[in-house]
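Heads up, the next two complexes both have subunit A, just with different partners, subunit B and then subunit C.
Let's look at the complex of A and B:
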């Protein structure tokens, strides 16, 4: 019994870890730039596709080194040449253009790689299982769990810490947080907020790329991947409170746990995330940690 | 002006175009049956425009199309092949779903609405292929439906076309009446400033919900007709792709013009068939690029493009 609950908690953490990695960028971009990025799922997918290609040719470490900067660059270009022209236009136009771009990315990947799943080979150091009963005293008997999933949880954990540190303790982060509040005043103070916005978009895109690299081996890499993860990450962002980073982290693990603990009811597991969303929205329309007055 | 005013002229011309559609459609390179599909999607898009004039962009209208399609299909399969009961049940079930989803998603801003409608739309798709798969046939969709009938008459070929055409003409008449009524003006004003509307004592929530439910009734009728046209319910009807297609055709045609989304629907289905001959699988990529170009450079869609061209032409002639 203890074993089973423990394993379900670990599975919940692992599912939440993927959601966190995707939702962080989404909510960061939304909180700072006010743009709902429907392309975010496609960026994650682009990360997974580039990772599968690069790690196939040059090894997994090369993918870790190349893919996030590539996605950062991609995000910067996307902000510079598409999104920037939409800051002054209605929100619906922003949604439309990012949605259109998601389709373009998805169809391009389908054109190049076909619509079948590309098998993602894990690196040797990530394969195999971890014997949990050797580390955790209260487990009895033999309890094992795939090693890769712990790597995923670790990566996710450190990404969250790094992002919070960046926003909380650096000058760049301070400017961004001020920009979240009132970007107009900030530009009056002589701070080039436009350039910082570009960097934030790149940063969000980079985290999506990192998610693609590490989640790729445990998920299907096919052109449906982007939309498949976009919907739960939207739910994460809404449940957590739009634009709230701690909210996104909390909601990710809430959804991960909800999915993990309903595993014995196959049908329920598929829709439990929506049930959680309905319940949260009924009682807390702003989401768990949403601030009053933001986007009412 | 009496009976002959602009409204009746518009409606008559529209009805004539729709009713004669099968006769000249062949000459433009379309195949038989595509005309019916275009009419059905035009109903879907027309209703969607009633929501779009309020400034709310839904990414989940596939839900109402699909729920109605499933309900209609299940009625045909288990109750009778008569379409009247099947359509009524389809539309009623779907409208109930719309009232609930509207209540949940319309409580906050348009951004929330877009994100949440996408999510809840996917909820119905996921539910249909998981917990309800016994009822819906899971991933295979609902198959083995009998040929639908109306008063003993088999609904096939041109029968279906005229059934759909009548619904489209009635739908267009109603949509026109709605957008030109004080109620319709209220819907349009939601787009500009809701806070101000609230301050003058208007129940904003009521109007938002009405627009949402109205548009989903159109979606439900379209979904129901789709099953009558082709007695098979695909899981795709509930998928985000259907909602996305609807958004793309409405925006390309021109939001808020009633005509625009219908033109968009015709264009997209026609493009799918013609362009896929030489672009093969990449027609969707071409469409995506076209869609982005329209969002960036011509937010008013085809209708706006036509108006701009006319204005340009008139100016040139005057000079």
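Let's look at the complex of A and C:
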């Protein structure tokens, strides 16, 4: 029983880690730019596609080095030529244009690679299992778990720390946080906030790319992948509180745990994330750590 | 004026006599004069006017079965080409009424719909084909929930549905419909063919844990595998139903790690299977030992497309069943003609989904030619109980009582790298199961076909 509970907790953590990686960029873009970016799932998928191709030809480390900057550049271009024109438009317009662009990305990849699943080979150093009973004293007998899932948790943890550090302890982060409160005043002070916003969009896309690199080996890669993760990642953002980074992290692990502990109830599995969303929003309308004034 | 007024008041004795005489003549007319009038009754999109006839191909072009859907569409297009110009199985079908100039002299055209692997979307798409595009027949796969939804629609609207890939027992069991026909095999046949081989390969004292796709196909696949493996002496430890749109199965694999099961049976298809198998291998199930035995993974319903999607390394040594494999081109003229024309057209071999969809289109067209009409009840009667050859190994029977086809099938195993003879050569044929070995009594499953003429 102890083993079972422990394994389900680990499962909840690693499921949450994937959600964190995907939702972090989404909530960063929303919290900073106020843009509801429905392309985010497609950016994650683009990251996974790029990673499986680069990894297949040049190795997984090459994918880690190349894919996030590629997605950063892609995000910058997307902001410059599409999203920028929708900052002052209603959220519905933003949703339509970003959703439309997501479909364009999806169909283009389908046209190039077809609909068939592309197996994502895990790097040799990430394969295999960890014998948890050798490290955790209260476990009874043989208890193992895939090594890659712990790598996912680790990558997710360091990404969150790095992003918090960037926003809290750098001049760039300070300007961004100030811009989130009042971008007009910053413009009067001679700070080019538009350029910073472009970089934030690129940063959000880069994190989606990183998610694609590390989640790809467990989800495999196909053109429908982005749409699958779009809804759960939006739920994470809403449950956590629109635009709140700590809220997104908390909500990710909450959903991961909810999914992990309902495996034996088939009907509940499919809807548990929505039930969590309903319950949280019923008692906390702004989400777990939502800020007053954001999408009120 | 008054005279005219008087006439309109009622029938005269002369009028009554005229009507009586006419009625007597009508009543005494032989029935064969009326037969054609009955056959011309409008049902669905019958009669077909003009020089062309339209078929509808409703396949999953998006979502978890999209890879199968794309291959099905390729096969349908090829079938239409062969019906209009000859070639492929149009040359090998026996008996064969096809003329290579379309069907009943009408050029075959087609429209395409996307089921989105969703029964509601499939119904909407099918209804649009029937009502707007006036299709005389529609076909497609690859989900049993969708096939069943479309069969009911077919019965309601009087348009024949030739099922594509659907493997649930319910399709020709409790949900069978007069207007639906299945060429593909089913979960019961899989269980019956696979269980003895599993027992032979892995022994009789085995403990199985199932992961099952949570919809009609998964449910019947699980039940059939459970029943037939238990007959072989296996024990079913547990089963977890998994939502169809799952991409990461880790939370479902965790309880199996902690159980005493030594066989994992994945009742998953398409991308579900690609991911559940990938995750199971990641969790170390292929290297694990339980109860002093090697842990084994079984995928009851296999396809070459799935094998490719899951990756050669993952499928190595994994047993399952398949309706047909392209490597059978050396076994019979029908398979040879189909594989060669498909490869020439698209540059790679067809999947089992493509084969069943291609055959369905050819067989429907042949039935129309044999019936001499597109009138649905006549075509249904031409299909019911029809036995044919030249579309795969051995003879195929369309059983009249449940519209289930009976034909040879395969038990296969994922090949090891040393066995590969090319990138599409992924499955090793373990056993060619004969048609008579998978036949079951028609009352094994409940259900009624319904009337020939829709209410």
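The rule is short, and it goes like this: the second predicted complex is superposed on the first by the 296 of 296 C-alpha atoms of A that agree within 3 Å, B and C clash if a C-alpha of one lies under 4 Å from a C-alpha of the other, contacts with A are read in each partner's own complex, and residues count from 1 in each chain.
The rule is short, and it goes like this: contacts are C-beta pairs under 8 Å (C-beta built on N, C-alpha and C of every residue); 3 or more make two chains touch, one makes a residue touch a chain.
Bear in mind the structure is a predicted one, so any value in this text is a computation, not a measurement.
**Q** Using the overlay on subunit A, decide if subunit B and subunit C clash or can fit next to each other.
**A** Overlaying the two complexes on subunit A (C-alpha atoms) leaves subunit C and subunit B clashing.
**Q** Thinking of the overlay built on chain A, is A:8 touched by subunit B (first), by subunit C (second), by both, or by neither?
**A** second
**Q** Have a look at where A:144 lands relative to subunit B and subunit C in the superposition and call it first, second, both or neither.
**A** After superposition on chain A, A:144 lies in contact with subunit C alone.
**Q** Figure out whether A:270 sits in contact with subunit B (first) or subunit C (second), or with both, or with neither.
**A** The answer is both, since A:270 touches subunit B and subunit C.
**Q** With both complexes overlaid on chain A, does A:121 touch subunit B (first), subunit C (second), both or neither?
**A** It touches subunit C, and subunit B stays clear.
**Q** Which partner does A:104 reach: the first (subunit B), the second (subunit C), both, or neither?
**A** first
**Q** In the overlay, answer first, second, both or neither for which of subunit B and subunit C A:220 touches.
**A** A:220 contacts subunit C only, not subunit B.
**Q** From the options 23-31, 149-157, 203-211 or 419-427, pick the one stretch of subunit C whose C-alpha atoms clash with subunit B.
**A** 149-157
**Q** Residues on subunit A in contact with subunit B in one complex and with subunit C in the other?
**A** Residues 110, 266, 270, which sit in both footprints.
**Q** Name, in rising order, each residue of subunit A that touches subunit C in their complex.
**A** The touching residues are 3-4, 7-8, 10-12, 14-15, 18, 110, 114-119, 121-122, 127-129, 143-146, 148-149, 217-220, 222-225, 228-229, 259-260, 263-264, 266, 269-270.
**Q** Going by the contact rule at the top, pick out the subunit C residues touching subunit A in the complex.
**A** Residues 61-64, 66-67, 69-70, 214, 240-243, 245, 247-248, 250-252, 254-255, 257-258, 271, 274-275, 278-279, 282-284, 305, 308-311, 313-314 of subunit C touch subunit A in their complex.
**Q** So in the complex, which bits of subunit A are touching subunit B?
**A** Listed in rising order, the residues are 36, 82, 85, 89-93, 95-97, 99-101, 103-104, 107-108, 110-111, 227, 230-231, 234-235, 237-238, 242, 266-268, 270-271, 274, 277-278, 281-282, 285-286, 295-296.
**Q** Write out the stretch or stretches of subunit B touching subunit A in their complex.
**A** Listed in rising order, the residues are 55, 57, 59, 104, 107-112, 114-116, 118-120, 122-123, 126-127, 129-133, 240, 244, 247-248, 251, 281-282, 284-285, 287-289, 291-292, 295-296, 299.
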